[in-house]
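Encoded as structure tokens, the structure appears first; notes follow it.
Chains here go by letter, A, B and C, matching the order in which they are written, and residues are numbered from 1 within each.
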Amino acid sequence: MPDLHPAAARAGPLSAGGRGTYPRSLLEREPSLGLLLMLPGTLLLVIFMAYPFFLGLWLSLTDSMIGHAGRFVGLLNFVNLINDSIFRQTARNTFIYALVTVPFKLVLGLGLALVLNTRIPFRNAIRAGVLMPFIVPTALSSLGWLMLFDPIFSPFSWLLKHWGLITRNINFLGTPVLAIVSVMIANIWRGTPFFAITILAGLQAVPAELHDAAAIDGAGAWQRFWNVTVPIILGVMLVSTLFSIIMTFADFQLIYVLTKGGPANETHIFGTYAYQIGLSATAIGQGAAIALYMFPVLAALAILLLRYLRREVA
Amino acid sequence: MAKAQRGRRVRRPSKRSHGERSGREGALRISRRALLKVAGAGALGLTALGTVPGLWRWGGAAPAQLKGTSLSILQATYFIPTAQDLYKKQAAEWGQGQGVTVNTDFLNWPDLQPKISAAIQAGGYDIVELFPGWNYLYAENLLDLTDLADAVAKKGGGWEGFVANDIKVNGRYLGVSHGNSNDALNYRISWLKEVGVNLPDPAEQARTGKILDLTFDEWFALGKKLKAKGHPLGQALGHSQGDPPSFCYPYMWSNGAMEVEKDGKTVAFNKPMFVDAMKRFIQAYKDGFDESGPSWDDSSNNKAFHAGQLSMTLNGSSIYAVALKDFPEIAQDMNHTLIPKGPAGRFSLLGARTFAILKNSKNVAGAKEFLAWWFDDKQYGDWIHIQGGYQLPSTKKWAKDPMWGKDPKMYAFSLQPSIGRDQGWAGPPNAKSGLAFSKYIIVDTFAKAVQSGDAAGSIKWGADQLQAIYGG
Amino acid sequence: MVGSASMGRRILTVYVPLALFLVFLLLPFYWMIVVSLKPPTDLFNLRFNPFFIQHFTLKNYRYLFQETAFVVWAKNTLVVSVAATALALSCSVLIGYALARLRFPGGSAMGVGIFLAYLVPPTLLFLPLAQVVARLHLYNTYWALIFTYPTFLIPFGSWLLMGYFRTIPREIEECALIDGSSRLGTLFKIVLPLSLPGILSAAIFSFTLSWNEFLYALIFMSSGPLKTIPVGTVSDLIKADVLFWGPLMASALLGSVPIAVIYTFFVDHYVSGLTAGAVKG
């Protein structure tokens, strides 16, 4: 029986067309075919992403205001931000926000995927149902959370008071610690399904035979998980995690609706602060600098991770 | 959606039928006949003025060129749906008469700025509605409308103070003001009675002008008594651009502090009187307010008031308007008065909204024609009246309009224009004050004070932030 | 199923966690349902239990359909999402295959490069993008979104599919090539069918993100009837400082439940063990 281990699926050129037939058409040669296949997507990305991106990068190096082209000022915006106490607070908040929610989302998503991968009744309906937080537009679900976190009318406060467990309403979004915890809960709620569904599809690719073989060899459930399942879904987990880290650092809509970065900047993250400075105050150069502050770090992270993935996952 | 007025003869303001053409030279002149009409209208109500064609004949472009063009207008979604429908109808009416396709878009007002920014970069709108301070922010991309603005002001008996102080950018008008929404202290009559505040009937208050007159300290004392009975005061201190600044800025001004002096450079925030006042506010917040305020947005106090959770709160007449419809017992039991005063006076944060034309508009002539026509007494008047006082008019002649007399509970709002001033006082409401406003410096000072209990430290923080903006 | 799991064990390891997950993930939707079926005067009445409906009403749904252009918004959102997904998915399949199987100059760099697209937040990107969209005369048309959405759909989709393509044993393709199939032929006839779970995953991901999107829809396509559900809901059901909670939640529900129902049918097509089967046989 052929070796089914994914390590056998080597990246790189297939031993194609080798039996003496010289690959004539462009569509058969690897280099040209490769570039051709990359073309449509790349073209779209260049027009609608690369050009605006470089423009945005340029903006962060100027003192532009909306509708008022600025002069090149080098890294002045970035330097000034370091001296901005609100920015420092924003940076702290963003790191906490991302570094707490992403692991939660990963672990919960993995757990949910494992559960969904079993035989349960109404499996399809449940699988689609758990996607709901991901499906509902954030602009609208965050309004729902606004109600759930309402300082006077929250149903949670009502219930806890009804049961006599608390006497005063919970100010979910009004105290320094509780505010950021609340937005993190909403973020985890929204992000877990994404991890679950992508990991689930990855789990589908794990052949049952491998589990059978391992079980026959006496491996317990945990060992099977670590030695059979994880290696196969590692790639999916890594890409999803990277994606989630980037998206969480760039988050905007959820916090904007819930607190707009308040109270007193306690839930400001890069996205909301950049919006406030760049669009409300129209200092777009500074806003761009805030939005791009993490760019070098995230880019390095992305490059490392993706390089690793593109290589052999032995 | 706007309904086209088919078959109705639409007055075409561009018709040259009366000998009242002005401004071949480009300057506007008000015809004598029109002036007499204005004088004659007097106390009968200015709607009697009716349609006076050609009152605002905009010098220059011949109207025939407008046929076949299009005009795009961007505004904030109205609180009063009938007013929004009226505007759409008016725009369609004008468009039909001129042969112009008019498109009116309405967005939730916090979403206006990104849309305007994109329009400035890439086109798409001819006329945009600007909120207070935005004239300065987008100054380079707005058309100079000084002539039209002067004409509107002249016809209206002059701009209201809160408008005049607000919308000129370096001596030029970059938009024409249509006023702003109102704000006052909403209160529950019966609960005030319970703590010993007995007021005359609202109709009598409106007649005599003797409304509830409080200082902030008196208000705080009342709040303490009210909260003890389970009816606290309510004030938002979160990151919203509506309710939180409407309290914080006036409290600051009433207690001797402001963002900058008249020179627009010297920060005047950290003043001993203000620090003391802040200490009293911190205490009052615990004693008399619902303390979850730092997480409130603009809609929170509305909900709370309607649910009978608050006794007094600063807000526009939206609470009253919804109460009339959905909570009649509350509407019966509530009234309005002006914001309390402090040692340095009584102030309301009141800037002016304007309609402006973007420089990159592809239909400048059409935009000017439309604005000139819309600010005519008929259109503007209808629009003001249908809002019943929710929208404070921009020119002085509407101050004595009969609409104010219709509901005595709206009386206090009619007094608001006289105490209005905008962000950045005593400097201009420019990009720096806009930055301070967008960063919620003033509001956060209060939020920090209330959360930490440290008045001096919070004000120092605010002053440092302002210094970085104004001094840097 | 591997391992003889006793009922008790199953309850502990499967059903209890499942129940907890479902409560956590679906409670807000229960809340939305309740809010959408209550009259506005009941919503903030603290005497009533907020979790139950005291006075059932369909007024909010009626308002949504009669006073707003919800149906038009839904149509717009659907058109944009389907088209953007189709476009993005096509590009992603091609890119994913190229990155997984082919060696070509700049491949590594490009692969990483397209992912860097995510590092520029839309809150910054939309302004310069507006200029591009305007210059191409796409403003206020479906195309504005159909072309701009793939910018955040393609990178992740490509990487996802790359991962899937690589789990397919090369021997399968090599066999086909030896049998005379062309490269593209193996892609479309062999690889794609075997990658169905991955493709569906990428499709669901792309469709959902398109459906969900707010900022670009607000800026590039929000004139008159041309609004999407998120944009229209926020612009028409929030009037100054008053939110119409009932219709808002109704819109949120109607804007997500039908999608979930549709997904139920696609989720059906996840077939595991296809790979093993193909090679065995």
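Worth a mention:
The rule we apply is simple: contacts are C-beta pairs under 8 Å (C-beta built on N, C-alpha and C of every residue); 3 or more make two chains touch, one makes a residue touch a chain.
Quick caveat: nothing in here was measured; it's all calculated off a predicted structure.
The touch graph of these protein chains is complete, with an edge between every pair of chains.
More C-beta pairs touch across one of A-C and A-B than the other; that pair is A-C. Chain A and chain B, compared by their mean Cα positions, are separated by 41 Å. With each centre defined as the average position of its C-alpha atoms, the distance from chain A to chain C rounds to 14 Å. Those residues of chain B in touch with two or more other chains are numbered 114, 117, 121, 303-304, 307, 309.
Among the residues of chain C, those touching two or more other chains are numbered 44, 46, 127-128, 131, 215, 234, 243.
In chain A, the residues that touch at least two other chains are 66, 152-153, 275, 279, 284. The residues of chain A lying in touch with chain B in their complex are 65-68, 84-86, 146, 149-153, 169, 171-176, 179, 259-265, 275-277, 279-284. Contacts from chain C toward chain A in the complex involve residues 1-3, 14-15, 17-18, 21-22, 24-26, 28-29, 31-32, 35, 43-44, 46, 49-51, 87, 90-92, 94-95, 97-108, 110-112, 114-125, 127-129, 131-132, 147-148, 150-151, 154-156, 158-160, 163-164, 166-171, 173-174, 177-178, 182-184, 197-198, 200-201, 204-205, 208, 211-215, 229-231, 233-234, 243, 245, 248-249, 251-252, 255-257, 259-261, 263-265, 267-268, 270-273, 275-276, 279-280. Of all the residues in chain A, the ones that touch chain C in their complex are 1-2, 4, 6, 8-17, 19, 27-28, 30-35, 37-38, 40-42, 44-45, 47-49, 51-53, 55-56, 59, 66, 108, 111-112, 115, 118-120, 124-141, 143-145, 147-148, 152-153, 155, 158-159, 162, 189, 192-194, 197-198, 200-209, 211-212, 215, 221, 224, 232, 235-236, 239, 242-243, 246-247, 250, 252-253, 270-271, 274-275, 278-279, 284, 287-288, 291-292, 294-295, 298-299, 302-303, 306-307, 309-310. By the touch rule above, chain B contacts chain A in their complex via residues 113-114, 117, 120-121, 137-138, 140-141, 237-240, 290-297, 300, 303-304, 307, 309, 431, 434-435, 437-440, 444, 447-448, 451, 465, 468.
Remark: chain C residues 40-41, 44-46, 126-128, 130-131, 133-135, 139-140, 215, 218-219, 222-224, 234-236, 238-243 touch chain B in the complex.
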